[in-house]
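Order of writing sets the chain letters: A, B, C, D and E. Residues in each chain are counted from 1.
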Amino acid sequence: MQRIGVFVCWCGSNIAATVDVKAVAEALGKEPGVVFFEDYQYMCSEEGQNKIKNAIKDYALTGAVICSCSPRMHENTFRKAAAAAGINSFMVEIANIREQCSWIHKDKVSATEKAIVLGRAAIAKLHLNAPLTAGESPVVKRALVIGGGIAGIQTALDIADAGFEVDIVEKKPTIGGKMSQIDKTFPTLDCAACILTPKMVDVAQSEKIRIFAYSEVEAVKGFVGNFNVSIRKKARYVDEVKCTGCGLCTEKCPQKKVPNDFNLGLDQKRAIYIPFAQAVPKIATIDADYCTMLKTGKCGVCSKVCTAGAIDYKQKDTVLEEQYGAIVVATGFNPIELTKYDEFAYSQSPDVITSLEFERITNAAGPTGGTLLRPSDGTHPHKIVFVQCVGSREDGNGCGKTYCSKICCMYTAKHAMLTREKYPDTEVYVFYIDVRTPGKNFDEFYRRAVEEYGVHYIKGMVGKVSPENGKLMVRASDLIEGKQLLIDADLVVLAAAIEPDKSARPLATMLTASMDTNDFFTEAHPKLRPVESPTAGIFLSGCCQGPKDIPETVAQASACAAKVIGLLNKDKLTCNACVAHPDEMLCNGCSTCEKVCPYGAITYESKEFRMPDRTTRIRRVASVNPAVCQGCGACTVACPSGAMDLHGFSNRQIMAEVDAICK
Amino acid sequence: MEQKNLKETVLRISGVNPRKCMKCGKCSGTCPSYDEMEFHPHQFVYMVENGEIEPLMASKSIYRCLTCFACVERCPRQVEPAKLIEAVRLTVIRQQGQNHLKPDAIPALLDEDMPQQALVTAMRKYAK
Amino acid sequence: MVFSYYPGCTLRTKAKELDRKARLAAKELGIELCEVPEWQCCGGCYPVAKDEIATKLSAVRTLMAAKEADRPVVTVCSACHNVLKRVNDDMKNDPVISDRANRYLQNEVPYQGEAEVLHFLEMLRDKVGFDRIAEKVTKPLTGRKIAAYYGCLLLRPGKVMAFDDPENPTIIEDFIRALGAEAVVYPYRNECCGAYLALEDRDSVKKKSSAVLNGAKAGGADSVITACPLCLYNLQKCGGEIPVLYFTELLFEALGLE
Amino acid sequence: MQQVIRDKALSLLEAGKVDRVLAWKEGEFFYDQTPHVFKTAEEINRSLVYNGFSAANLSKYLVKETLKDGMIAVFLKPCDTYSFSQLLKEHRIPREKVWAVGIPCDGKLDIDRIRKAGLRGITSIREDGDRLSVSTIYGEKTVAKSDALAERCENCKSRKHIVYDELIGSEGEALDSGRFDAVEALEKMSPEERFAFWQKELSRCIRCNACRNACPACTCEKCVFDNPASGIESKAPASSFEEQNFHIIRAFHVVGRCTDCGECSRVCPQSIPLHLINRKFIKDINEFYGTYQAGENPDERAPLTNFDKDDMEPADAFRKGE
Amino acid sequence: MQIEEKFEPTIVAFCCNWCSYAGADLSGTNRLQYPANVKIIRVPCSCRVNPMFILRAFQRGADGVILCGCHPGDCHYTTGNYYARRRMTLLFSMLDFLGIERERTRLEWVSAAEGAKFAATMNDFVETVTRLGKNRRLEDLRCNK
């Protein structure tokens, strides 16, 4: 028989206002095995924990039931307190009387009754608890970073700097991500390439970092400390070792009509290409959808001009199997498709562009060589209208996003400012709903756009853009003046909402990492563990977790690296103590449990047993690797004989809870 | 009717929740009748939420909305201002003797090509 | 192919041509249009009010007749089409309205939006196919430059009407091309013509309608087509130089009918 | 056929190929045979029988018998080979210790059914093609065999042997049977009617455990109902819940493993149609997740150890029936 | 005069630790009300729930049993809820076959972000079971003294 102590927490008034804590403590004090009960304002406080510790010692308790907030909040706190008082930390059970009782009920009588029942269930379970010890598993000292944008680059560099090996998997032919497409960065206006490309070179030169560019993660198995990842290296049709990146092939290729995705389709590239001059790795790639040789078997120009002999039309995808201790997700973002926003005439006029397209048009390495020209006729626009919040902050029933994309206010201020600086004869209008500029030197930056550069900020929204006689007639409201405006603009720039990259959803499934309804990865705790996924060993870097600008992304990337380093620095990880374990005498050796184990934790061995009838028998029985078992319990239900059970959530414990609740 | 009841009436008739509005002004930016209105679509949303129904009822603006639904189509928060305007108009014409269009006034407005549709629509919009 | 056909009040009076040519063209395309028996006027505009059903009942009766006949109900007039489709949507998706209407009509089997409402243009696109129409054209309108005027009723609200992309529609342009003419895409083709303000304020209508016609003219159109009698009236009355026609008239002509 | 089987048993034993033979032994009554392990030629010649009442599925007995040293021969009817195959898949029988002889079967007889036809005082039955000659103390009678078949044989699912070392007679084929008709009839009833049906049937249960003991899928080292540590030990049907619970859990434990051999209903002394519970599971599996026959394919994943991302939800399963 | 007491059903909710239990916590954090009849039992994963537990609950007097897990594809253990779904589909179908009211059992997917869905589901389930009344067909009368 256990000697149980019951501790009822008031949680200030959070519990005590709706639940009669004294009545709960007294009622539970009458339960069999309960030798001590107490209530206190804040059980999780140091004083509260001391009360638990003292009671354990003074009353020789074998276990404690804490009636308090959710075990997801303070289970660990109370387990540590119990351990400090000398009993096994798994001899603690929590009755959740806050989130699942006091906070959802108003009637004190029924809430108190329910709290007592929940307490009884915890006591009933605790009677069947046994001390548990967690096993250990080794840590593979290498990290995988998925995504080679600025987030992935920074995380990889920081991890490598701490002395650990890192692999970056990037689906594009080069690392660099969105930042490599951007012209200048706010709020300092330094050139993106000037601060990004040195980091890309650092990555390339690091002995600790391997880059798998033009590659994708295909499968992930294993668990924290021991992930097995299959990486598909897509065929480039160019030998990575031999290619020198001279670029001759990209000049001679006769197939010139390939949309240049790096420039967002604003110009064209060849079928063999290097996305941009500073690409890392600087290796040519053949676009199999357009290459005449690959499609018809006739051409071979690139092969002829390549002095290194690097062209290999027969190259195939290869799949690598690699081991990692930690995985960082840095899959980034994309602007949303604007096909559903044709009131802004995005698909009707080439002169209605997205902000990212504007970046390419103003970038010195872009399709216009950095001169601001209209895509339709190559003329200088003299009147530009920027429209904010296109697809952001919507109500969720339409085609847009419910969240604020966070970066648009600042980059639009940047675009407006740069336009006015370079082309003072251009009138710039920015239609905004709110200007959101929290951040160091951000609001000052926006004010400069208004005050020093004379950008017209108009509070109101554009209702309709009509292409008319080479102009874009912009009808909008000016809410402050109370006017409807009609502006004959030359160029309209839409601040499209950003969304997580489409590859994130299938990746999350592979990683068993959770996502929110917008397909952003969920963090383990929104405030206190913002760079970790709830799935152990999975870390989040950059916009895959939520919209972010570059400074924030880099900060999060480094924070993420610190968490990874902390993990890789350990030689062993403490495993889950609540693992499955077979009763060998009951096991039929039927192999059913093995088939439902997602971790391959179950194997079978033939063992000699002394049977109750005193004979000996060699029997096939299941065996669980406690370092691999994550404790889901799928096997326990699959097992017909009831031989397989789960520590911490045993059949009898759960049934005891059922009995206590249904009594 | 009291202010509060008026607001409730308008909300009931329209089925609109004006609190969803984020005050972007896109409705007014797209309204074809904007210049002919004293109160503009976004103001309808704002004023209904504030319970200022009577000024709206007294305004000619309620007869300028074409129910073209441009504001409804383009509202990022699906507030549907046109339905509010229609609801204010109905609140007026449902009162005794408040028909905006009286049958004996019609012949003077017609020409021989005017389609029935215009008449039927106007009667529904302007009269009880 | 057999469809239920709902002409509406205007097509019986001022827009007889629209009706006649629609029927003849349909016949030529092998479509039988069966007029809904004892149909009533739809009311001209969709009753927005959520708190009354009386104004929706005539549309519900028409829809129930279509359900009874077990075939889609086709309309030519944009206004009727708008009313029928939106009331149908209410009956399908607004349990309060649907419940009240069904109880008022004392329906044993409640009507829950089962009928399919089609505009004549939708019928041409989805049931006949523009490519088949192109095959049937005997007098292609080669060389003609025609601008489509959608107005508001065909397109909005986009989710309910589900007619075409409400901001960048293509159906009438595709129709024009099927008849062998060139389609002129121009601004304001989906903006309001001024509608029933024609009764009270011609100036206001003039402003809106002339913006439409000027756009079409600037785009080089030699004529404008529409599906709505009121749009046609407003555009014509605002005194543009471009002829404004019903889309059925073009179809009639291209099919070589007299 | 009996002589052929005896000869086969004798020759296997004589040649030293096997040490024991598992077959049917005549019992106290002519219709009441028991599974038996024959060790000598004399025993075989005296009491090994095979006829319309050699109904028992012998595969299950191999689990215990193969724990002993030496080879054992077994005679398996087509439906028994499914059970045998399933037990092999579950590693319950070491294949190398068994010499399996497939034998033909054209349906087993149900003595209760013959009695129900009004025949009393039966002393023996002789099979004569598709007729049965029934000797009673009141004289000779004949009955059509089809009117005397056990339900499971009327709805025989297969005449094919899944696994064997040698085959007597020729190989049959899987059949199209109406075995789910009775389940379907129950599904069509109202819940109240179904409840009344099962209450009437299950309340007769005396918890003799015959169904469990005969079931070739119930081979657990220790059954959960016998195990005090399982938390659900129960030995007697003390309430209507216990009856329901026992049969639901037992059927659930054999989901995807039950070959539908029908032994549970055959051995039930209270004539409860237990096979209908198992067949409901099989029918659901076939409809929800695609046809699956336990024992048919040793490499196929069983339905409960498998899934599809687009599997139906429980609520959809109900809707499907409407 | 005898006043009939309002029937208060006993509802057992099995919630997986990673999604649904967290979703239940979130509905608490957001103060979304649902009746006190619902008592939650935390299990690591929906696949931990043995049909025995569900029958046990009914035996001991539960009037409804609901199992909540992560949405398909989001299981913390990758595949647990897929197995749970098959098991529960077959079990619930069997209970229905035996004439037990099908509304007494339910399987719902509730993510950690769906506090509102959790509360709404519980409200609906309690209402449904209250309407059904006491579980008579699957109870052990001895437990009801």
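Criterion: a residue touches a chain if its C-beta (ideal position, glycine included) is under 8 Å from a C-beta of that chain, and two chains touch if they have at least 3 such contacts.
The model shown is predicted, which means the values in this text are computed figures rather than measured ones.
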Pieces of the assembly after leaving out chain A, positions unchanged: B, C | D, E
{"item": "Chain C reached from chain A - shortest hop count over touching chains", "value": "1"}
{"item": "Most widely separated chain from chain B, with each centre as the mean of CA atoms", "value": "D"}
{"item": "Centre distance in Å when chain D and chain E are each reduced to the mean of their C-alpha atoms", "value": "36"}
{"item": "Mean-CA-position distance for chain D and chain A (Å)", "value": "54"}
{"item": "CA centroid of chain A to CA centroid of chain B, Å", "value": "46"}
{"item": "Numbers and ranges of chain B residues touching at least 2 other chains", "value": "70, 73"}
{"item": "Set of chain D residues in contact with two or more other chains", "value": "224, 232, 304-306"}
{"item": "Two or more partner chains touched - positions in chain A", "value": "343, 464, 596, 638, 651, 655"}
{"item": "Pairs of chains satisfying the touch condition", "value": "A-B, A-C, A-D, A-E, B-C, D-E"}
{"item": "Interfacial residue positions of chain C with respect to chain B in the complex", "value": "8-10, 13-15, 41, 43-45, 47-51, 55, 77, 79, 151-152, 155-158, 166-167, 191-192, 194-201, 204, 208, 228-230, 232-233, 236-237"}
{"item": "Complex contacts: residues of chain C adjacent to chain A", "value": "165, 167-168, 185-188, 191, 215, 218"}
{"item": "Touching residues on chain E, where the partner in the complex is chain A", "value": "10, 12, 17-19, 21-22, 24-29, 31-34, 36, 39-45, 47-53, 56-57, 60-62, 70, 73-80, 83, 87, 111-113, 119, 143"}
{"item": "Residue ranges of chain A touching chain D (in the complex, touch as defined)", "value": "583, 585-592, 595-596, 604, 617, 620, 638, 640-643, 651-652, 655"}
{"item": "Of chain E, residues touching chain D in the complex", "value": "51-52, 55-56, 58-59, 72-73, 79, 82-83, 85-102, 105-107, 137-142"}
